[in-house]
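Quick one: this structure, given as structure tokens, is what I'll be asking you about.
We call the chains A, B and C, going by the order they appear; numbering starts again at 1 in every chain.
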Amino acid sequence: MHVLFIMVPVAFGLLCLALPWPRWQLASLVVGSLVHLGVTIRSWMTETSIEADAFFGIDPLGHLFLSLNSLLFAATCVYFVGYHRKALISQRIFLACVLGLLASLSALCMSRHLGVMWVSLEAASLAATPLIYFRLSARALEATWKFLLMNSVGIALALLGIFCIAVATQPVKPAIFLTTGDLIAQAHRLDPTWLRAGFLLALVGFGTKMGLAPLHSWKPDAYGEAPPPVAALLSGGMTLGAFLGILRVYQVCGAAGLAQWAGTWLVVFGLLSVATAAVFVVGNNDYRRIFAYTSVEHMGVMVIGVGLGLGGSYASMLHAMHNTLNKGVLFFMAGFFWRLYESNRVRDVRGALHHHPVAGVLFLGGLCATCGLPPFGMFFSELGILFAAAEKSQWWVVALFTLTLCIVFVGVMTAMLPMVFGPPPENVRSTPFGEKRWRTVTMLGSAAGLLVLALALGAYQPAFVRNALTQAAATLTLPIDSAAIVVARAAEARP
Amino acid sequence: MMSQSIIDAALILVVLLNLAMLATSRLARCVRIFAMQSLLLAALPLLLELQHTRALGLHPVAIAFGAAALKVIVIPWVLLRVLRTGEIHREVEPMIGFTASMLLGSLIVIACFAFGHRLVLPVKPQSDLLLSVSMATVLNGLLILVSRVKAITQVVGFLIVENGVFIFGLLLLEQTPVLVELGILLDLFVAVFIMGIVVYHIRREFDHMDTNLLDALKES
Amino acid sequence: MSILRAVLAVPEAIVLLALPPLLLSVIAKTKAKFSGRVGPPWLQPYFDLYKLIQKTPVYSRTTTWVFRTGPIVNLAALLTAATLIPVLSSDSLLGFSGDIILVAYLFALGRMFTVLAAMDTGSSFEGMGASREVTFGTMSEPALFLSFVVLAVATKSLQLSQMMGSGLAAEWQVAAPALVLVVGALLIVLLAETCRVPVDDPATHLELTMIHEVMALDHSGPEFAVITYAAALKFVLLGSILLHTAIPHPPSLYFLGPMLRMVELAALACLVGIIESMTARLRLNRVPMLLAGATVLSSIAVVLVLTGRMA
């Protein structure tokens, strides 16, 4: 079962490389992602269990992220068929890289060993690099260079963090593997200093990949210059992978009794991210960069949620789910507007609602979802985080969180609402592709599908979704408190 | 005792090569210094294993050969090819100057040696210098990455950061499975390969490798 | 000091005073060999000194007593340092705890008076040489001092002759990497202080490229002989410090010791000649980097030796 998740995209990727006809390549892309989605849905119906020292295994957290990835990839591949016009770099390499990205992210969600997790995240990063350079322009090249360099350095620091954690396992005899199961089981015997060092380095390293401030500077460039479906994949899928990296290390820290300390750092980085997003969103003139900064903000919110304990973790999982769906909608609509208005600038896009009502409604829905308006899910997740912070009497967190979210809301809405309302400019095209209705239908259809899902899962979550989120959150906050750790350590020290 | 001195000498030579790279302005020389440093680092697992158990197991030999093949031969070849196709051979004077950046690098080395001496490892390492040298190498690599302007030197800076992480990994020789180490090396190779391609494209697109001039993307 | 030691000191001092020009000719012969020439005769420096002493000095009207005393003070300082630095045997002629500081300041005194004498002429070339000399001296002093710190920490003594005696031989087993770095730093300091390529070309005739030679431009006759001899003596002294650090002799070699030291000095002169033949002079703005490199080497050696002690 595990192997399928990786082998399906790899097989279809190789098929993409092998087939010489562009349409067949696109077909294999779509079929591959849909098969992967099918395997994911199938996996929800069967129970799986994992041994403690296995390299691969699907635990509730990984399963949730894997399903979100799968869903987003399927929608994006359908969208891409409609969006894509002519290829500048070799199309087969591009499509193969998309499927390679899916394969490595699946491997990441399923990996239980920290080293394997690192390898798959690096593979995902490398698979994503050619995707950003799709348009072969100078700006895209610059964005690719910044993305590549910052991510590589971040990943190297994350590797150093994983090595620090390995050093922390040295007091444990006999030697344990770096699998999450083993680490959590033996967590009370790990060296705390090196575990802390490892957590900080992993937070900085994986945080660079995720786009937490102050390591976020590649994000606006990369999401602004990459083609919109790629930006959707990166912001909705790859960030989840990097988040998973942080969460695995956080699990180990939590089991070792350092949950409070680690949580403080997570909250600090999260608040910094939301504040940075607030500063840069206001007055920005490029709507894709604004989306990138909202992505930074959402990453910050997710990280704050996890740092605040059990209630916050559930809200964080809910937020992650809706982040994936919303980013899909937003970037799909950004791509549609790019085709219509041929500009990235906010000033040049006007009157979407009048010009193309369906697109305008979808974009407006995506905006409301991202900004956290009810009945969309982000409202409830952000509210949950506020409640969790209030429960712990962390009033500074409550105050800063509310303030920065308000600023982001104001910034995004003042920039984007004029895009939707008002009269359209003269030089806008009537339809993006002339007479080809099927392209418009594909693009808007995939966006609509995600938006409907976001709406449906917003105010009310069906039982199995709620279960999945609760189980995922539960793996993050294992009920071990510091007193038990001290007792366990003292018991071990006694001869 | 003799092999201990050899290991210590190799580690100090690694540190001196870092400082030499901070002082040099020729791009090809940077790549060659990196190759020399990687050769020393590839020999270290063998030396450490010899000192530890007086016999060579498969694991260190595999890592040594993998690292040597990749970082001494393949990656420098890729980078030198990119350099050969262009006309750029010298680095631009960094903002703090070559001499000052070498002195800054040596201050970093001194600080890492002093600080690394105080850090307590759970298991006594085979050489006291491993931790300090790895920290110094990572920080020097970051210094090169941050202070240099040409794209190739930034790639070499990233590779030095990876070398530093490799030295740190030598503390854990028995624990990491061989496959994971080989996976890490493979990732490194593909990363540098892609970086080489991107640098080639940068040079072709912009006619230079000056990342200072890659400033078209900013907030408007 | 024992009677035997006092008796042996006299021939040792005579040999020490006679040796420096011979090393100059070793360097010259090595360079000539590399260029495919035969080179000047072995005793040529002695003939040159003899010739110069017989000449009448010519003094410019702008100079004062400073100009005349400069070379003499330089030579006096170096001779005083020669009594403190062990050259041919592992014991110096005189010595006391803390004499490394006196040695360093004697070198500095010599340099200061040379510079003052140069500036006393009022010539712009010599002023330029003086400023270069002082700048490069500032950069090479830390390297020298830090090397002394390493030796002092390693042998736990502040007396130069004890720092380079048998205590150092034991240290080589323990702190070998640090001592190798010190040897490297001392070699660079040697090249810088005795105006050798790659820091300064002693055979250059273009004033704008000179550093040390330009300060001797206006000296003539006996004073020029004094300057030449003092430069050679400085080479012997700094070379001895280098050799005693690199190759500490066990005390069991009684009479073989001085012989071996002379051979080692000749070998060092040969090495310097090889370096001079194989490298080109550095651009003037790259010389600070070389000296900074020497400082870096010795500072890393200091850290190594200190952390090794604290382990």
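We take it that a residue touches a chain if its C-beta (ideal position, glycine included) is under 8 Å from a C-beta of that chain, and two chains touch if they have at least 3 such contacts.
Keep in mind it's a predicted model, so treat the numbers as computed, not measured.
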Report summary line: Max Cα-centre separation from chain C goes to chain A
**Report entry** Dominant interface by contact count, named by its two chains
**Finding:** A-B
Report summary line: Most central chain, judged by mean Cα position vs. mean of all protein Cα atoms, is B
Query raised in the report: How many angstrom between the C-alpha centroids of chain B and chain A?
Result: 31
Report task. Averaging only over C-alpha atoms, locate the centres of chain B and chain C and give their separation in whole Å. Result -> 38
Query raised in the report: chain A to chain C: how many Å between their CA centres?
Result: 66
Report task. Could you pull out which chain B residues touch chain A in their complex? Result -> 120-123, 138, 142, 145, 151, 154-155, 158, 161-162, 164-165, 168-169, 171-172, 174-177, 180, 183-184, 187, 190-191, 194-195, 198, 201-202, 205-206, 211, 214-217, 219-220
Query raised in the report: Any idea which chain A residues touch chain B in the complex?
Result: 113, 115-116, 118-119, 122-123, 126, 129-130, 133, 138-139, 141-146, 148-149, 152-153, 156-157, 159-160, 163-164, 166-171, 175, 177-178, 191, 193-194, 220-221, 224-225, 280, 284-286, 289, 345
Query raised in the report: What residues of chain B sit close enough to touch chain C in their complex?
Result: 1, 5, 8-9, 12, 15-16, 19, 23, 98-99, 102-103, 106, 109-110, 113-114, 117, 128, 132
Query raised in the report: Along chain C, where are the residues that touch chain B in the complex?
Result: 173, 176-177, 180-181, 288-289, 292-293, 296-297, 299-300, 303-304, 307-308, 310-311
